[in-house]
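Each of the next two complexes has subunit A plus one other chain: subunit B in the first, subunit C in the second.
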Partner chain A sequence: MNAASRHPARIAARQAPGNGVRYRHGPFGIQVDTPLQELRQLLAWCYGPPARGDDSDIPRFHVRVIHGPLYRRPLFPQALFKADADTPFAPFPRSHAFPLLEWGLNWCIATRAHQYLMLHAGVLERDGHALILPAVPGSGKSTLTAALALSGWRLLSDEFGLLDWRGGLLWPLPRAIPLKNRSIPVIRAFSPKAELGPTFPKTRKGDVAHLRPPEDSRRRQHEPARPGWIVFPRFVAGNPLVLTSLRHSTAFTRLSQNAFNYRLLGATGFDALQGLTRTCRCWSAQFGDLDAMVSALERLPHPQT
Partner chain B sequence: MSLLLFTIRDPAALSTLSRHQWNLLLRESRSQRLCARLSWIIEDRGQAAVCPPGVWPDLSAQRFFSEYKQAQIRLELRKLQKALGPLGIPIMLLKGAAYVHAGLRVARGRDFADLDIMLPRERLEGAETALERGNWICETKNRYDQRYYRRWTHELPPLHHRTRSLEVDVHHALLPLTGRLRPDPALIWAAGRQLRDAPYVVPCPEDLLLHAAAQVFQDGEIAGQLGGLLDLHQLIGELGTEPGFWDRLLPRAEALQLCRPLYYGLRFTRSMLDTKIPAEILRAAQAHGPGALSNRVMGLLVPRVLEPRYPIRRPARAAAWMLYLRAHWLRMPPGLLILHLFRKALRGGKD
Partner chain C sequence: MAVNGRGLRWALWDGDNVVFHAETGETHLLSDLPTLVLRMLLAGPLRTSVVSERSAHACSVANDSAWRQKILAILGRLEGLELVERRSDTATG
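This part shows the complex of A and B:
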């Protein structure tokens, strides 16, 4: 009928999986096409060997990390992120391909996964109950999430709290936790178990190193958890630990400002958030010491069931 | 054929797709921004259950954008009515806004870039003052652009309210004043229908379809307008069942000078989307086609730029460029066109 159907061989060549790798991040299948060998090695270090590229799973996100313009290659090589036909970011230095891919996937998820109310929060689980740590950037959320993931909590996610607005459960998305600047030595000192990847200096968020998600979290990435506690953390250097109980309405307001797609979901988002805050016990927490905060969170009263 | 076109033509055939084809279908729909509309096409034909695991929640979740935009449009219209109503200026809804308020199925899952309304030309000055007083501001700062809009086009420079982001396009005619075809707005106003549940006027069904066709094939660059072609396909399916619609369509097109875009609209919805159009109408519309050569050239170029090519083929840049020139050719006389393209080239795509 048209040019495409007349050239099946050409289609097959363009579609050949060749340099594509598939991964599973919680509910999302992801295909990454990239000629960058270092990037594929880092992916394998972080998430294990890629899934076999059979047709059993339809990738939700099909992304590419490709070489930047040819003329820059000899001296300042670049990497470019593409999500289907979109190019959401300006190119990065090629050595920063991994953080570029991670941020690119965040962009894909934030702009598309509206079957969830997406909280900007770290989420961990213990004894079947999920702890939600919603926070603004710079509040120490990733550091705290990393520390808890290294202290016996199951990591569900660092960036996205995926609340299924139909069932009210939180779904895991266990990916690398990007630690920034001073968090990197803090987490190294916190636990000898911490497996950190290479440090990427001078990214748009400063120096970044990724904490590899624990094996157990990856293995259990299809097990959702029931929301139990909501704690709004804020790191203030030198401050003693202060845990303040929050009213449901306060927690609701703060969460509505923190979610990625609360406004977009309209009434659906409102209902989901109301259900969430009603079933959880809510606190705000100021902390200056990571160890004290971790042990305080371990002693949180058991949520009502 | 592209899998997206294949699905629109025959949603019942979805059950025959392999996983690999599903993957391609999703990538095509994503690149055309038609996921939400695809989800409605699937649901209308009861095919949600044949989607592979995970696909249906993903597709149907994309409807939130459209619903959010529709809420914004309704809000903006209430505010506009508040500003213009007291002056007795009637508001006619065009395109997406008309589909939403007329309760047409074509609005479901549709992408709304902006809000398009039409005001009577003689009331334009008063309306502009009222909108300025109501804190709507003009986005176009460039003086050439301002003059371009005011002297040569069918609309004011785009407005938006100081506290809201939705762009409002205030028209006083359907097509540019400098264009080859100039449908008389008075005729459209005369046939317009007052909505029962809202203080707005919408064009009569024939005019809705004719405007949608003109939008794609007269005033648009065609490339990337598969959504516009889908509008035509769905409008024909929905409005075509109104008694007398097909009898009135061609005479109306003649009265509004919109026979040519209608011809293209019918021809390409029929050939690309397999739209149900009465045979005698198709035959009659053919009399309004262009000469044999133009007709063949359009037949080559239009499917090339409308059919989704991503991710299998490279974009049809040459065809898109030729149709871009054609759109400008139709929009203004040659002398003006050369000056205008020259100025735009000097600016080099900035602002």
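This part shows the complex of A and C:
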């Protein structure tokens, strides 16, 4: 008989719905039910102590990260992500429970938060104006977002540009930034302020380590920002920086291809994207040097000039 | 040829035209001539010969064979995008 089977009541209590930890990520309340202590510890390291239970704060997403099948536990323990009745992913190794939870929350937001037009973009803020960095995977978006967040810009989000299509403002979602493979040492070298969690080797996206979101970004996670600049970044190793002004029509088309739910929102998405594009100055940027790119973005003309 | 204009929304910038077509959910970036043709058909159904004639006049070019072929090609592409449709009863013009 092992320790778990000797204490069924305690185990049941730990796994019972409502026995989880709550976090606030921008506009979303999240409840995470999990028996995995190491996951709770990483959540606390990344996002601070859980929010205090408050009946008025109804979680938008209620997720569970639970043990995988019993027969795997002795040699290859697994973790399983569940969102309500959905199990969107195959089990991960238990040691990868944190990236599993983060990707699971991305899935929840991308498939359900349609009160926003969701751009696949990093978003940062300076002087009240938001810099939007829409990009396809592999463009260096997360690395650039991390570098800017460590250079005085306020992190709104690494993955989701949440545009409130009623008011035209971008809402923060300051979560951990998952750095992959070579980006991990690049960001370590970029700033001594970078607080990186453990490296999770050989995930489905390679080696992954999470940059903890800056305290100031977490503290100001209820402050939206007005769109100011749109820059489509693309990292090309060894290339000099080339910043090219984009026509609004081109930026519009590229943004529509970089949104999670543009087609789903139909005319509403079109109107929202049109308003966003009209508000902003737009560029594409090819870069091979992170410092040069960060400097160039700091010199962007003020949106109102 | 005809257009159901109820489902179209436009965004116009810098001489480029972006149109959203609600019936297909597609967004298209159009240059000036296809936009002119589409807007002409928004006013009502027209024979292809009339589209060619009016667009040539609007662009101050001759309505010759090359121009007519160009307009037919544009109409074909717009039809392929389901922005315009053939009508057998096109009496206007």
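The rule is short, and it goes like this: the second predicted complex is superposed on the first by the 285 of 305 C-alpha atoms of A that agree within 3 Å, B and C clash if a C-alpha of one lies under 4 Å from a C-alpha of the other, contacts with A are read in each partner's own complex, and residues count from 1 in each chain.
Quick note on the criterion: a residue touches a chain if its C-beta (ideal position, glycine included) is under 8 Å from a C-beta of that chain, and two chains touch if they have at least 3 such contacts.
All figures in this text were calculated on a predicted structure; none of them were measured in a lab.
By the document's definition of touching, of the two partners only subunit B reaches A:R112; subunit C does not. In the superposition on chain A, contact is made by A:R263 with both subunit B and subunit C.
In the superposition on chain A, A:P59 contacts subunit B only, with no contact to subunit C.
Comparing subunit B with subunit C, more residues of subunit A are touched by B. Contacts of A:T253 after superposition on the shared chain: subunit C is touched, whereas subunit B is not. In the superposition on chain A, the residues of subunit A touched by subunit B in one structure and by subunit C in the other are 263, 266. Subunit C makes touch with subunit A in their complex at residues 9, 11, 13-14, 16-18, 20, 22, 25, 27, 29. Here subunit B touches subunit A in the complex through residues 1-2, 18-20, 22-23, 26-27, 30-31, 52, 54-55, 57-58, 60-62, 64-65, 67-68, 71, 303, 307, 309-313, going by the rule given at the top. Interface residues of subunit A facing subunit B in the complex, by the touch rule stated above, are 1-5, 11, 14-15, 27, 29, 55-60, 62, 84-85, 112-115, 261, 263-266, 268. Only residues 247-250, 252-253, 256, 262-263, 266-267, 270-271, 274, 277 of subunit A touch subunit C when the two sit together in their complex.
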